[in-house]
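Okay, so subunit A shows up in both of these, paired with subunit B first and subunit C after.
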Partner chain A sequence: MSEQVQNVMSVRNLSKVFKSGVFKPKYTVAVQDVSFDIKPGTIISLIGESGSGKTTIGKLILKLIKPSSGKIYYKGKDIEEIRNKDELKEYYKKVQGIFQDPFATFNPLYRVDRIFDMIYDSFGYDKSNKEERIHQVLQDVNLVPERTLGKFPHQLSGGQLQRLLIARALLMDVDVLIADELISMLDASTRIGVLNLLVELTEKKGMSVIFITHDLNLGYYISDESLIMYKGRLVESGDTKKIYESPVHPYTKMLFNSVPEIGKRWDPEEEFLPEQVIKDVEEFYKENAGKGFAAAGENHYVLYSID
Partner chain B sequence: MNETILEIKNLKAYYKILKGEVKAVDDISLEIRRGEILGLAGESGCGKSTLASTLISRKPPLHYISGEVKLLGQDIMNMSKEEFQKMRLKNISIIPQYALDAFSPTKKIRTFIADLVSEHGIKPDEEFFEKVKERLDFVNLDHSVLDRYPMELSGGMKQRVIMVISTILDPEFIIADEITSALDVSSQRFVATLLARLRDEGIIGSVLFITHDLSILYQIAERIMVMYAGHFVEIGPTDEIIGNPCHPYTKALISSLPRVGIQYKDKKLSGIKGTPPSLLNIGEGCRFRFRCPYAAGECEETPQREKINDGHYIACWRWQEIGSDSNE
Partner chain C sequence: MAKEFWKKHENLYYAITNKKVIFGLTIFILVILLAIFGPMLTPYEYDEYAGAPYSPPSRQHLFGTNIMGQDVFTMTVYGLRTTLIVGLIAGTIATIIGCVVGFLAGYYGGSWFDEILMSLTNIFVVIPQLALLIILSAFLEVRGIMVMSIIVSATAWPWLARAVRAQTLSLRNQDYVNLSRISSLKVPRILREDIASNMFSYIFMSYILQFNGTMLATVQLEFLGLGPTKGISLGLVMQNAVNWNAIQLGMWWWGIIPGLILTVMITALYFVNTGLDAAFNPRLREM
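Right, the complex of A and B next:
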């Protein structure tokens, strides 16, 4: 238990099965038996192919959906027990998400300023320097206040809306920020500024970030620890440098083998086929039968088998 | 090998809207050589797709303003629709951005392909599908995909289907617009190398590979051209653009690229402050000057294309003074 108090967030054996269709229900195992911890003031990147369960984990932490089994602890407290209105409000004051589709977060009928008004109204922040602080955070995320405030969501780009959401997180005293493909809408030239900003937030305010991404280079740049997901399972986790330098799981290996790197060209002789990984993973699990999820080194864990 | 198959000279194409003109392709010149992959990079909204549509299909509000485009020696800007249609798929083909969204959820892949090629005057008969199957083998897809619904295929597999159709007539020149950006890294590698393999095998001739991702261009392009806000910025051999960029914008782009091996703890990368200007009724001058740390009075005038060395060209008044200042 003491271990869970130290971490700002602890996820234990988390699973989520989606059921769709009424008469002929179809079950999708989106997340299966996933466990990890988030230390205060760190950035952890969540990496995996499309459909591997990344967004689902984010939604589970934000209590937008209920787990099928498993537990999530926020500072040692089981988040399932956060039920009454005041407690929920307190939770959302500290745990925030920015999702892939920023348009969904904004009400198209209201000016974008409303997201700031809402947090001031519902979380009871000191309003005396409201305007000044809003201007400051907008500048921090590279937005011109005069060209942003007063606009409707459709008048801004996806990247601008995402930066508005980061600005909101800046304004609040967030403990955990879930950033889901935050960067994908931003261009190379603005991207680094936003990444650096996230890092500064963790350093200055002790905020933790779950950084969900497809981009391995970005994941490496920004995160202390990494989680690699494959088909709903956590297949490798731990220290970012260790995972990137000596990946063990065949899926992780394939990922690093396919990332386009400047200064290192893909081997043209190598027969590269994404589908091959399915067989490789099967074989790997067979070879390592009985080992389960185990340490491969200090702060480096690998899913060796699924028996 | 140095034969030019596409020659674009001072091309201008604007969107004419109520409020005025969006100058998305403004004085662009380039040539594509037989058998090469030319990468076109630049951030969102800089005019990459507009350049592609200008070559293929100018639909209002996009208008051709001036300049010259010669494909295999023929002036395609002043050609009739019918004449151009004859060149489609055979001489010039495109894999449009967002092509993946074109699949209809209720149509099997076979029907989707048949409908698409019929629009281009190809009869989707048995013989045609024999060729399709041959190509499916080439891209490592099982023939059974033809009888599947799009939902059952991954993004990478759908992109391969699109590539099979767009290259079915062995086009001499193909434009690939962001074909990797919606894909997982492993599919990105497969799809990008596939294009290079099709070229190596002589199935397709030359490629204009559009992407905002320079690290993919580093992998497969022989040359790279960079655009900024509708203007030409820099063009040169890949290693030269990546290793010795001369334009302040290219420099900034490359130095802000995160790469494996660089962590913020060890080395903080710096981005470029600000955002690109609106292209609506934009006036004279270097369009990067609002964000450029080296901007000076002369930048109020539009910089002319200048030669740095063989094959390396730039549009910047001050590149020589800036020299090797690495912008970090």
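Right, the complex of A and C next:
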């Protein structure tokens, strides 16, 4: 228990199964038996292919969907027990998210200022310096307040909308930020600026970030720890450097091999077979049967087998 | 002061400055005024002998008289009243049922409740509308305005219920609803600002379409002789015109004028409908 209090957030044996239809239900396993901890002031990246369950974990932590089994603890408290309106408000004051698609995150009928108005209305921030603070955070993310405020979402670009959402998160003094494909719509020059801003915030304010991405380079650039997801399971986790330098799980290895490098053209000789990965993973599990999720080194864990 | 008002209600501003809305609404209001004040403009009763039969439109008889010497203008304005009232009540009932069923089914999407509501809706969708209306109407010997409205609305709601359900389902999972949720917005405000207001224009326009549809269905029934058993209606005027071979006898004013009024009114409402679509949707506005 003391360990859980130390961590700002702990996820234990989390699973989510989606069910669709009533008469002949179809089950989709999105997340299966995932456990990890987030220490204060760290950036942890959640890496995996589309459909590997990254976004689902983010939504589970934000209490937007209910887990099928498993627990999530925020500062030692089971978040499933947060039902009361005021408690939920306190939770959201400290745990926030930025969603994948900036166009879908804005209600098209309202001006973009609404995202700031909402948090001022519900969290009771001091309104006397509202405009000043909003201008400040907008400048932090490289936006010109005069050219963004008062506009409708369809009048702005995806990158501008995404930066508005980042500004919203900056305005709130949060403990945990879930950043789902945070900078996917930003151009290369703004990207580094935003990333550096995130790192600065974690160092200064002790904010923790769950950085959900499919971009391995970004994961390495920004995160202290990495979690590699494959088909809803956590296959490798721990210190980012260790995982990137000596990956153990066959899926992780494949992932690193498939990153295009700058200065390298595609090679027609090289073949990529998705079936090969599935086979490799199966074989890996068979070879290491009985080992389960175990340490491969200090702060480096690998899913050796599923039993 | 005025500027502030328009800034707050800019949807309204765009709605009342849209050319299609102005055009459609003007015609619609004229027809409504005709229905309300028309009976005061005519000295005759709709079922009395008003003048020489078979006379074409003149100053005395604006829309002429029919074969029995009844004034067609008087019959049309009284008929318009009945048809409008039946259409309005039926359209309102159909819209309310459609919205309630659709909203509940969408909100509890994927549950047993949703499944039951949608099965019911699907049953109503495949029932041939006209056949059911004929059977229902024939079964009820005395039919007043209210009974007519219920009969017509019984088959008008399912498509709206399905559409509203689909909209609610997709809106419920929108990321902006999620953002409002993690911004700790109160549930009524989320429903109002994120779900209902994104559907409001749709529901409002569906209401206009429902009104159109129920009015046409009413006239259709009346034309087949299944309208209200007492009084006069647009469909009844047209039915009589056909029964007495008005067109073949050269009395075009008897059947064509009431039909033309109905057509113009429904077209006007379609104009309002498309105009409002542009007004409510910021993406369709010209900036």
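By definition in this document, the second predicted complex is superposed on the first by the 297 of 307 C-alpha atoms of A that agree within 3 Å, B and C clash if a C-alpha of one lies under 4 Å from a C-alpha of the other, contacts with A are read in each partner's own complex, and residues count from 1 in each chain.
One rule holds for everything that comes next: contacts are C-beta pairs under 8 Å (C-beta built on N, C-alpha and C of every residue); 3 or more make two chains touch, one makes a residue touch a chain.
From a predicted model like this one, the values you see are computed outputs, not experimental measurements.
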item: Simultaneous placement of subunit C and subunit B on subunit A, clash or fit; value: fit
item: First (subunit B), second (subunit C), both or neither touched by A:I222; value: first
item: Per-residue contact with subunit A, leading partner among subunit C and subunit B; value: B
item: First (subunit B), second (subunit C), both or neither touched by A:K130; value: neither
item: Touching partner for A:G21 - first (subunit B), second (subunit C), both, neither; value: second
item: First, second, both or neither for A:R12, with subunit B first and subunit C second; value: neither
item: Touching partner for A:K151 - first (subunit B), second (subunit C), both, neither; value: neither
item: Which superposed partner A:L255 touches (first subunit B, second subunit C, both, neither); value: first
item: Subunit C, subunit A and subunit B - angle at the middle CA centre, rounded to the nearest 10 degrees; value: 80
item: Contacts of A:I192 with subunit B and subunit C, given as first, second, both or neither; value: first
item: Distance of closest approach, subunit C and subunit B, by C-alpha atoms in Å; value: 10
item: Touching residues on subunit B, where the partner in the complex is subunit A; value: 43-44, 140, 154-156, 184-190, 192-193, 196, 212-216, 218-219, 242, 252-254, 256-264, 268-275
item: Of subunit A, residues touching subunit B in the complex; value: 49-50, 142, 157, 159, 187-196, 199, 214-218, 220-222, 240-241, 244, 254-263, 265-266, 268, 272-275, 277
item: Residues of subunit A defined as touching subunit C within the complex; value: 19-23, 59, 62, 64, 88-89, 92-93, 96-97, 99-101, 104-110, 115, 118-119, 121-123, 152, 154-155
item: Subunit A contact footprint on subunit C (complex, rising order); value: 110-112, 115, 174-176, 178-186, 193-194, 197-198, 282-283, 287
